[in-house]
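After this come two complexes, each holding subunit A, first together with subunit B and then together with subunit C.
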Partner chain A sequence: MWRRFVSSREGMVGLCLLLPIILAALLAPLLSPGDPQAMVGPALLKPFADAAFPLGTDRLGRSVLAALLHGASASLIVAAAAATGALGLGTVIGTVAGFAGGRTDEALMRLTEAFQAVPGFILALALVSVLGPSLGSVVLAITLSSWTGPARVVRAEILSLRGRDFVDAYRVLGMRPMQIAFRQVLPNALPPVITLAAVVVAAAILVEAALSFLGLGDPNRITWGRMIAEGRAVLRTAPFLSAIPGIAIIVTVLAVNLVGEGINEALAGKRVAA
Partner chain B sequence: MIPVWRIVGRRLGNAVPVLLIVAIGSYCLLELAPGDAVDAYLSGSGGDAGLVAQLRQQWGLDRSFATRLTSYLLSLLTLDFGWSVAFSRPVREVVLDRMGNTLLLMSAAVALSFSLGTLLGVAAGSRPQSWRDRLLSWLSLALYAAPGFWLGLMMIVAFAVKLSWFPLGGIATIGEPRAGLEHVLDVAWHLVLPASALGLVYLALYLRLMRAGMVEAWRSDYVRTARAKGLTRQRIVWRHVARNALLPVITMLGLQAAAMLGGSVVVESVFAIPGLGRLAFEAVTQRDVPLLLGIVLAGTVLVIVINLLVDMAYAKLDPRVLVS
Partner chain C sequence: MSGLDLLQVQQLAVDFADAGQTVAAVRDVGFSLAPGGRLALLGETGSGKSVSMMAVAGLLPENARVRGSIRWPALARPPQLGRDVGMVFQDPMSSLNPVLSIGEQIAEVGMTHLGHDRPQALQHVRSLLERVGIEATDSRLAAYPHQLSGGQRQRVAIAMAIAAGPKLLIADEPTTALDTIVQAQIMALIDTLVRDAGMALLLVTHDIALARSIAQHGVVLRHGTVVEQASMDAIVSRPAHPYTQSLIAASLDVDRPVPARAAAPGGPVPLLAARGLHKTLGQGSAALQVLRGVGIDLAVGETLALVGGSGAGKTTLARIVMRLTEADAGAVSLDGVDLLALRGEPLRLARQRFQMVFQDPLGALNPRASIGRLLADPLRLHGFDHGAAAVEVLLRRVGLDPALAQRRPHEVSGGQRQRVNIARALATRPALLVLDEPVSSLDVSVRAQILELLRSIQQETGIGYLFISHDLAVVRTIADRVAVMADGQIVETGPTAEVIANPQHAMTKALLLAAPRLGRQFAFEGVPQ
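And now, the complex of A and B:
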């Protein structure tokens, strides 16, 4: 599995991009100690002009590099938490719907369709407005607007697996249906979900950026979306303030997508081999 | 053969419970919001306890939750979406006013991303693994990773501030009412940047899908047959490979409708376009719950209708779905 991943060029490029970003997020307090929102230098310093502020400073004289490093952790924490939530919720609902069948399936699928028909970002807006802007409400909002994809994929996998002989065998052994579903069938249905994980993480990073760009992110945390929004006020004179965090978002999402393709290739190879 | 209208009927039948779930779900969700319409209404002016109680009674907010939910659902049946506190107008009017601009922006973005995306997809997929294919694939991956609002801001810097080719924002030139063709051209000129910002992200999606479909189609038997018949490469690419690769792209068009509507919220805010998306943001910042509910429902109906249209187009292109 790992060998196949390594042999995929996309996957390795993605990993080489993603690892430094994760490291930067983890080591942000060490790499740039202190409050990233503190005013530390002259205002609106251009990038590469001063070695102390390699990426320049913003309107209030805050270091862009420090904000970028600290923003990485906010972005990745939200994305990882929301993706875990969405995949977890989607897997549970997809498994129950696919294995139970009948009315339960019908009801859960209507629920999934309802969530799919509501524009996810508007749902996220509504949720954040109800719960107030915080890291937790952003995570919940992204979770609730992105669990439907995983749910449908898991249900389809479970449907194709539940007629197999090994399911009947466990039934004869006297296992309860949901026990069979979650302990025996689900593990076999997981590969496509793992592939989907990268898609969900990438989407979560973009939604978080959009929410905090609109000023609906956690007010106490510096995020890339918020940096873009703050740079907007001086877009004419200092476009680099909005450009730099945007490039960080692109590189991160690109890296996640590439890693996803690598995983996809590794799993596809395994399936062909099996 | 099942006629197309049977599919339409079945789809609409499914839409009823979906809309009911969305209506009840979002009503319950927004009920959890701190403060009610009276608080929002009086937040600017203030008012004594007597006025608050009087308004609550007038607007029916003193009744139980179940009564209010039932009366809301019943009024939805008569297409009454309630009263917008922020705009002091019926929600339906406010939403319909703004819907046009959003539909315009979305159609322009879809037209751009779909046509350019499939064309570039054909260019990439007609010779898989060539340098042209590699270049386009990497470019599309990078675009697909970009936030639409950021692309919009960067386009404003380049094409509106530096080059002054296009306006900074808005949907039409203010203060100069134009008529007829001149107005149409003015709106089109204003839409170029926002539609590109919204559309470029999805362009990548269609490009990749089209390319993947074409790579798949090259391996199929009918392409080998076409080659054996001695058809030109050009004809094989367009008539045999591209045509079959188009089907999954059409499906994606419907699947992306909801995402695109969400994307237009931010793009409309960047370009100051008075559309449904910016209205949603305004409803959130002004705590206008009935308006937000109306927007969620209108957006849902829009997504359902778009998917229905896509299904019908698909049935036209691939009659196989009508059998079975």
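And now, the complex of A and C:
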């Protein structure tokens, strides 16, 4: 399966873009020790002007490079945690709804539709406003606004697998329904969800950036969205302050989508047509 | 008639390029077909018969390399698929377009190949439907494939194949997906159409008796090469090659006498007793009464065969016995215990005593599980030792190499998969095994092996079988008693030999008449349309 991923051009390009970003995020404390929000130099230094500050400084004299690296970790952690939460919650709900059928399915689908009816970002906004801005509330907000997609995809797969003989075979053996649903049927239903995962992660990065841009992110952490927000005030004189984190977001989201393409291709070949 | 052959194939060789490797599928195959002649390509899975046929039809995939020559001497120009060559595929559900009505689909052929305009095409469609035995009413023309029965769908496919008046009709396992009676009807139809139009017929099949009923000559293929080539008469009565001989020997023929079987041990209480089972599917005007007061008896260690056409209710009865479906009314007892009253944990525990082997060997196995895990599951669920050693015992019992425990279902052959299904069903040491068409989808030689395996297991363990089949030849070799079902009722029951020798009910007679036989030419005239 790895071989198929490697043979996918999109997947490899995406991986080549994504790995340095992940590494940068993980190694941020090493590459740029100290508090990224500490004032370390003259204000509004242009990028590539001074070797000590390769990407320049902002209005308060904070290093843009330091903020970028530490912001990477914040964005990626939030995105990964939120995507995991959304996929996990969506998978569980989708599996239960798809396998149990009947009234349980009806109830869960009404719940899903209720969540889908509210625009995802508005929901996230509302939740963060109510819960107060912090990393945790941002993760929760994104999770609750993104779980419905995976839920529907999983449910559809489970519905099509449910009628197969091997499911009946497990019932005949006396396996309990929820065990059949989660241990036997769900693994067969995962491939489309894994592909969806890339989309969910990319969306999570964007939502997090938007929340931070609006000032609703964790005030103690620097993230890319906040960097863009703070660069707004000097957009005409120092556009690089908003442009650099903006480019970082674009590249990361693109990389995640390309990796998703690669995974899709790798799984498409592997998918057993039984 | 000119002396020119319609089709001449010489030294045909087909290779497939797959991920850098070359797989040789067919080597040095040659045969010829006269106009109006009938040839059968015979062989089991992997013999190369389908690949040879596709080479003739020009339907091989892109990664195929064809060598040798395929010539059409009697034709003025190269044949056009659909116009000069018509084709009927195995599964009409997948060969028909699901989103077009059958009238539309058949009309397409006329409009494409014969230059018909719409009114002409529809007129042509009506006459074609009459020829294939479907009422040419407006509602029929507007029907979609999924609204028709399997036999009707295949008739539509045949209508499409002959619509442009081809010189050659190719039929690829045209009746494998159909039950015995419908199979006989379809073969009778093909026989009539081909004879009336003077078409040549190229039949691809693994069923020698079926080929015998309609083809004049046969080409036996094995591992991609021709093993024997002669008239069907000669192949059946004087097979020259050992492989052909083994195929004939393994072919189950309802006329062939079977060795006498030891009587079933029996016991004070029947193993399985069902009374008055009713089941209706669907609602309102579309409601279908699938079971109408069905009752059966199975003694300890006995094999009861349940036979009948599609839609007779056999699978529904099996599902009710297995507690997969709930009956509307009636009672089922296992060892004297009311089976339908069990629920929850008592039912779960009781399941150890009765298990099932499903019809489709591949569909009945979890594609993502290894064979070892599939066999360990039932052991674990019912408190047996489920380690690697226990799994190995199960695999050996059904004649499989223990090394297969690591493989996944799609990585082993059809026969091996069915053995895995049997091993899984036997894991909990049940007293009753329900088998739903367990050998229908298997090759002839594999079929005989599986039936032998079932027989030996029954002898060792005294297990009882409820064996569902539409094939009386299979039933004859394995069943002590037979119950014939039609229209949701049991219409005849008795010891197998007696029922086959003296059938009483019309359905039993029809099933016997429809069964393909090696011994004689097929009696198409007696088949009800």
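Basically, the second predicted complex is superposed on the first by the 271 of 274 C-alpha atoms of A that agree within 3 Å, B and C clash if a C-alpha of one lies under 4 Å from a C-alpha of the other, contacts with A are read in each partner's own complex, and residues count from 1 in each chain.
Here is the rule we go by: a contact is a pair of C-beta atoms (placed from the backbone, for glycine too) under 8 Å apart; a residue touches a chain by one contact, two chains touch by 3 or more.
Every value quoted in this text rests on a predicted model; they were computed, and no experiment measured them.
**Q** Have a look at subunit B and subunit C on subunit A after the superposition and call it: clash or fit.
**A** Overlaying the two structures gives subunit B and subunit C room side by side.
**Q** A:Asn257 in the overlay: touching subunit B, subunit C, both, or neither? Say first, second, both or neither.
**A** A:Asn257 contacts subunit B only, not subunit C.
**Q** Have a look at where A:Pro187 lands relative to subunit B and subunit C in the superposition and call it first, second, both or neither.
**A** Touch status of A:Pro187: second partner only.
**Q** On the A-aligned overlay, A:Leu30 touches which partner chain: subunit B = first, subunit C = second, or both, or neither?
**A** neither
**Q** Touching A:Leu123, do we find subunit B (first), subunit C (second), both, or neither?
**A** Touch status of A:Leu123: first partner only.
**Q** Can you report the vertex angle at subunit A, computed from the C-alpha centres of the three chains with subunit B and subunit C as the arms, to the nearest 10 degrees?
**A** Angle at the centre of subunit A: 90 degrees.
**Q** Comparing subunit B against subunit C, which has contacts with more of the residues in subunit A?
**A** B
**Q** Is A:Tyr170 touching anything from subunit B or subunit C once the two structures are fitted on A? First, second, both or neither.
**A** So A:Tyr170 only meets subunit C here.
**Q** With both complexes placed on chain A, how many Å separate the closest C-alpha atoms of subunit B and subunit C?
**A** 9
**Q** Common interface residues of subunit A with subunit B and subunit C?
**A** Shared contact residues on subunit A: none.
**Q** Can you name the residues of subunit C that touch subunit A in the complex?
**A** Going by the criterion above, the answer is residues 322, 324, 347-349, 351-352, 355-356, 358-360, 362-369, 377-378, 381-382, 408-410, 424, 428.
**Q** Tell me, which parts of subunit B touch subunit A in their complex?
**A** So the residues of subunit B touching subunit A come out as 14, 17-19, 21-22, 25-26, 29-30, 32-34, 141-142, 144-147, 149-150, 153-154, 156-157, 161, 258-259, 261-263, 265-266, 269, 277, 280-281, 284, 287, 292, 295-296, 299-300, 303-304.
**Q** Name, in rising order, each residue of subunit A that touches subunit C in their complex.
**A** Those residues of subunit A that touch subunit C are 164-166, 168-176, 184, 187-188, 272, 274.
**Q** Quick check on the complex: what are the subunit A residues that touch subunit B?
**A** 110-111, 113-114, 116-130, 132, 202, 206, 209-210, 213-214, 216, 225, 228, 232, 235-236, 239, 242-243, 246, 249-254, 257-258
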